[in-house]
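Shared chain: chain A. Partners: chain B in the first complex, chain C in the second.
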Partner chain A sequence: MPKLTIDGRTVEVAAGTNLIEAARAAGIEIPFFCYHPYLTVVGQCRICMVEIQGQPRLAVACATPAAEGMVVKSETSERAREAREAVMEFLLANHPLDCPVCDQAGECLLQDHSMEEQRATFTTHMTETRRTFPGYESRLIGPHVIQNQNRCIHCSRCIRFTQEISETSALTYKSRSNSTFIDTFDGKPFEDPMSGCAADVCPVGALTVRGFRFRKRAWKLRSTPSICPGCSIGCNIFIEHHERVVYRFSPRENPGVNATWLCDYGRFLAESLNEQAYLHPQRRVSGQLARATWGEVFPALSTELKAARSLRVVASANLSNEELYLARELFGRHLKGEIVVPVFPGEPRRMKNGKREWLTSTDAHPNSHGARRLGMATVDGEGLVRFLRGAAGTTVILDPSAHPSLASEEALQALGRGPLVAFARAKHPVADLAGWLLPTPSLASNEGTFVSSTGSVQRFAPAFAPPGTVHRTATGAMSPTCPTIASPWGPPGEARPLWVVLSSLAREMGVATLDLSSPADIFALMARTEESFAGVDWEELGVQREQRSYRERQHVG
Partner chain B sequence: MSTRPLVAARPETIAEVTFDATLEERIVDLLRRYPTRRAAILPVLWLCQERYGWISPGVIRAVAQRLGESPAFVEGVVSFYTMYYTRPPARYVLQVCTTLSCAYCGGKELVEHLKGRLGISFGEKTPDGEFQLIGVQCLGACGGAPVVQINDDYFEQLDIKRLDGLLDELTGRR
Partner chain C sequence: MEAVLLRARGVPDSRAIATYLAAGGYEGWKKALAMAPDAVTREVTDSELRGRGGAGFPTGRKWSFVPKDHPGPRYLICNADESEPGTFKDREIIEHDPHQVIEGIAIASYAVGAKTAYIYIRGEFVRWARILEEAIEEARRAGFLGKNGLGSGFDLDVWVHRGAGAYICGEETALLESLEGKRGFPRLKPPFPAVVGAFGKPTVVNNVETLACVPHIMTRGAHWFASIGRPRNTGPKLFSVSGHVNRPGVYELPLGVTFREIIHEHCGGIRGGRKLKAFFPGGTSAPIMTAAEVDVQADFDACAQAGTMLGSGGVIVLDETVDMVEAAANVAHFYAHESCGQCTPCREGADWCKDILDRMVEGHARAADPETLLRICRFSSSGMTICPLGDAYALPISSMVNKFREEFDRRIGTATPLPQKKLPVLPWAGPRPGFGV
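This part shows the complex of A and B:
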């Protein structure tokens, strides 16, 4: 454990830690462009120069391991400052400086460094005109990534990402010296299951994500820590949103799961969170769905459920542990219903953790492992249909997206035979059969925990209140894949997270133990009563604060 | 004059490449002399250029496959060096030195003359595919300035008359 001094502050760090990380631990930011905590260190941009006492030459902090007794000067070194200024002069000599029209602005390492460290002062000895790459200013390099070669600072992060992390080795430098540019083999499309990350690691606006470009300025976005709903791996994400609209997912650092990566599939689920097809509770009256209030729902529904001849509940591996637990206790234990959790295998997905090991998904749900941990019975598609065909009686569907076969002919036919209560967000055919149709919001308006396939309990935080009004796409929605978009105006909507509805029903039915007012309380109860969650503490499940996105993303660039 | 013309494979014929036994044998021989397969990229590419006349995407794919690299990486290497041809070269590639010593000793005039006579400028090929003109930096033969390299041979202390003689000879050979 070497102990060293950086700008007068003493820190002790693990052996092998480089000076950038050591300085970070001491609360000092050494600027960097080519360094990335999860990529090989190449030391090629030279912006991280520091002065080390006793060494005649300046050293690059990213490639210098901390050593016992080292005395490092970063901000306090005149020589280091001069060297960095020279590096900036070289980098900016050919940079278009088009920040006002660059989508990276606000989360650009080059911009930040030139504004903060250099106080936007800038001198140049150049008399030549800028080098440009005609035809490469806005080139679709792959399905999701747009390249502007003029802005590239040749840090090679994107190349190293494809070589070391996604292992496609799809990107490369071509040509040399002043004409060096980023390209794929033979100009083929940049096909990479994690192509969005190449744009993430690009410190400047040379690679940007096509779907997000020009939708929202980075500094307007708020970032709420959450978990990717795409598969059982449970990558840590930020839901980045503004005025109740989700604009993108970005990776949130977790060395044990996704380091700082996300697969394209998960990343581009972001917009699907904006869909809110059902806005208020509805009840079928003489064949027609009619608007109801939650105040009417609870007493009527609890009477109906208590009177049900038999009760079958389709839960979902997309629900949080808290919701699954409440469902199990309320429907299973108190109402003596039968409850299953359908699990859909989905496409195989994989993710690299911070140790560069591949993690593979077991299914297409964020919380199948939580359901199993709660001892709930899981079924596949066939099993689900068989379950629905069982004895007639009331059926409750907690999440129609639990399994694709819920939309199948057989399932719908079976569901049509008896009373049906459905909770839903996105448009689904079960809504046409439901006697009660209760709106639930997306992940962005819910709070709780999922269990990842590696077995860790991970918390997600609510980003905003459920949207109250939605527009159709034509009026400025994000993309054709998102049919509706929330309105930033007007009061919040009436969709309620499932845990809220279930605990209200519990109160209505007089089950006082389940009448809980927050996911934290439900979790605490689980931790007390469930062996599989014993000893897990809600508060210790990670920092769940909202962050200014561009600040937070600095670290991953 | 002993300069032999370059023979460039037609693009269709090397869109997909499998190394034959002779080439494979030479590659194996080369690999013995390098610590890693990656280190042998340059000489293996040379072998290929010798065989096919130029490095097509198909050749790049084959080399990448053989050496366990990604095609993008190998293409990056190829594009770094100007001496690998990524397009079929002409039969005679004239590399004219444009650096100081040669420029002073009449190189500039040679360049003007060549451009006029062939009707092409640097980087171009004559329409009949006979000649290609490339401006290069110091060929390392300043003592013989001005210098023109034709395919693999150096021609030193040239003047317009001698150069014309050379070109006439090459043209006449056809």
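This part shows the complex of A and C:
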């Protein structure tokens, strides 16, 4: 445990920690561009120069391990400041000053550093014609990534990412000296399963994600910590949203699961969270769905359910542990219904964690491990159809996207034989059969926990209230309607998270133990009563509701 | 001085192993095999042999850095990537006496415990790569190399590896990367190659000339070697002299000879009876020296004291007709082309210097140009870059600006402004399909 002094502050860090991390532990920011905590250190950008007492030359902080008794001067060293200023001048000599039209603006390390540390009196000495790469200003190098080589500062983060993390070695340097540029190896398309991360690690706007480009300025986005719903690996993400519209997922650091990476499949699920086909509770009256209020729903539905001859419930591995638990207790224990969780294998997905081991998942759902942990019966597609064809009675579908065979003709035929209660968000054929159609919001408006494939319980936070009507603007962006100026994103919609609906039903039915007002309370009950969740504390799973996104935190964490 | 490294020059059929053996070749190798590896290293340390590639690091010390107890292979690499402008001494050695190098490689490999040695040779040296390959084959057939060489139980394989045309691959860590089949980017140090080198194993990288000295140290002893030259700057050195002299070529002289002797005695003075203006003492990477500094001794310490470096010993002589701005532009062009593009100051700075100097040569100098050049050079040298290429371009250019400032200022006095570029007015063709995505 070496103890060292940085800018007069003494800090003790683990052996092998480099000076950037040590300085961060002391609350001092040393600027960097090419350094990335999960990639090898190359020391190319030369911006992290610091003065170390007893060494005649400046050293790069990223490649210098902390040593006992080391005295480091970062901001207090005039030499280091001068050197950094010179490196900034070198970098900006050929970097286009197109921040206003660059989509990286607001989350660009180069921009941030030049705003923060460049002295106000500093002017460049560069008067030559700037280096450009004609034809490389807006080049689609793969399905998701657009390259602008003029903006590249040659930090090689993207190259190292493809070499060390995604292991495709798809990106490489070509040419040399000042005409060095990034290209795909052999000119093949950049079809990396994690190609979005190459744009994430790019400190400038040289690589940007096609789907997000020019959709929203980075500083408008709010980040809410959540869990990727793509598979059971459970990558930690930020839902980045503005005015109740989700614009993108970005990876949230978790060394045990996804380090700071996210696969393209998960990343591009973000857009799907904006779909909200059903906005109000609806009830079928003489063959037609008619709008109802939640106030009418609870008493009527609870009476109906209590009177049901037999009850079959199709839960889903997309639901949180709290929702699965409530469903099991309410429908299974109190109403003596039969409850199953359909699961099916999805495409195999994999993710590299902070120890650079691959985590794999063939689950198509984020929480099948949670369902198993709660001891719920799982069925495959055929089993589900058999289950639906069983004794006629009332059926409750908690999530139509639980299994694709719910949309099959066999299943729909079976469902058409008896009363049906369906909770749904996206358009689904079961809505045409449902007696009760109740809207649920997306992950972005829900709160709860998932169990990942490694067995850890992970919390996700709600980003915004359920959205109201949304429409597509001319640019293709999802945007809420603007009925009033006072409330530019419109009133919230009436979709309610399933746990809210289930606990309200419990209150209506007089099951006082399940009448709980927050996922935290439900979780606490689970932790008390379920052996498999014993000892897990909600607060310790803690995520703050609002955090700064990873991109912003590249300076500090 | 008697010829040591170039003794075979002018001897008929000098490359053949028979000729080499007749002159006492491979005696050093036999002698080394009879000694303990540590004793060989000690002998080289005692000779005070310093690396001839440019940095002048003591060779014996470099060998002693290889960890003794390291399990697994180690490597010895002979750096024949001779690319420094004005340097052509290694080529001369290989041309006339390749076995001298191979014997040196064998002794060095034995001293550091390497069972595999590579000769990394500049890609353009096709002829010399073939010469080396033939010589290795001869030595192998004669039983000096290969399994159980000379019945000593020591195995050694020597391979020739041709570079692909990058100056930077003469830098030892870039050479290692290139040898491994990667892009020739210098590595961050530490760890040094003696600890983590080729393929992650301890590796010693020595210049051709350095290794060519080793057999002579073994046969004639460290004291004989140390008696040539000056203390701490011992042994014979090859100087490849080019430029405006009457007799350019490779000269073998003891270290410590003055540049006046080299230029005016050995090379027969300046061509056409003109006057000496300046000279590069060791390739263009060494800061330039003026005619007034011609009495400096050509060795590592004296050059360092004079604010320059002996480098590879490639003396480039410039006479009074040379325009320093054009000479600086020439130097800048080389380094702007040869920068590997890895670290910021060198990649951006070398090209920037080139642009400024080109503009000055074209007659559009600006008042701030010399100061800008000095600023760029200052922040590209002394530890601002991973490898010494930053210093290699910055020090000569800044020395030229400093020592011949009046020539740069004269350019400013006679400068015309850059002609205004007329930007073409593009016809509006409507939105292009697929553009901007």
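By definition in this document, the second predicted complex is superposed on the first by the 527 of 557 C-alpha atoms of A that agree within 3 Å, B and C clash if a C-alpha of one lies under 4 Å from a C-alpha of the other, contacts with A are read in each partner's own complex, and residues count from 1 in each chain.
Assume a contact is a pair of C-beta atoms (placed from the backbone, for glycine too) under 8 Å apart; a residue touches a chain by one contact, two chains touch by 3 or more.
These figures come from a predicted structure and were not determined experimentally.
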Touching partner for A:S138 - first (chain B), second (chain C), both, neither: second
Partner chain in contact with A:R176 - chain B first, chain C second, else both or neither: both
Touched partner set for A:R57, first chain B, second chain C, both or neither: second
First (chain B), second (chain C), both or neither touched by A:G43: second
Which partner reaches more residues of chain A (counting touched residues only), chain B or chain C: C
Which of chain B and chain C A:D186 touches, first, second, both or neither: first
Contacts of A:Q288 with chain B and chain C, given as first, second, both or neither: neither
Chain A positions touched by chain B in one structure and by chain C in the second: 172-173, 175-176
Chain A partner contacts - residues on chain C that touch it in the complex: 166, 183, 188, 336-345, 347-352, 355-356, 359, 366, 368, 372, 375-376, 378-379, 382-386, 435-437
Parts of chain B lying in touch with chain A, wherever the complex brings them together: 57, 60-61, 69-73, 75-76, 79-80
Touch list for chain A against partner chain C, complex: 41-47, 49, 57-60, 63, 82-83, 86-87, 90-91, 93-94, 125-129, 131, 138, 140, 146, 153-154, 156, 172-173, 175-180, 210, 213
Chain B-touching residues of chain A, taken from the complex the two chains share: 162-163, 168-176, 183-186
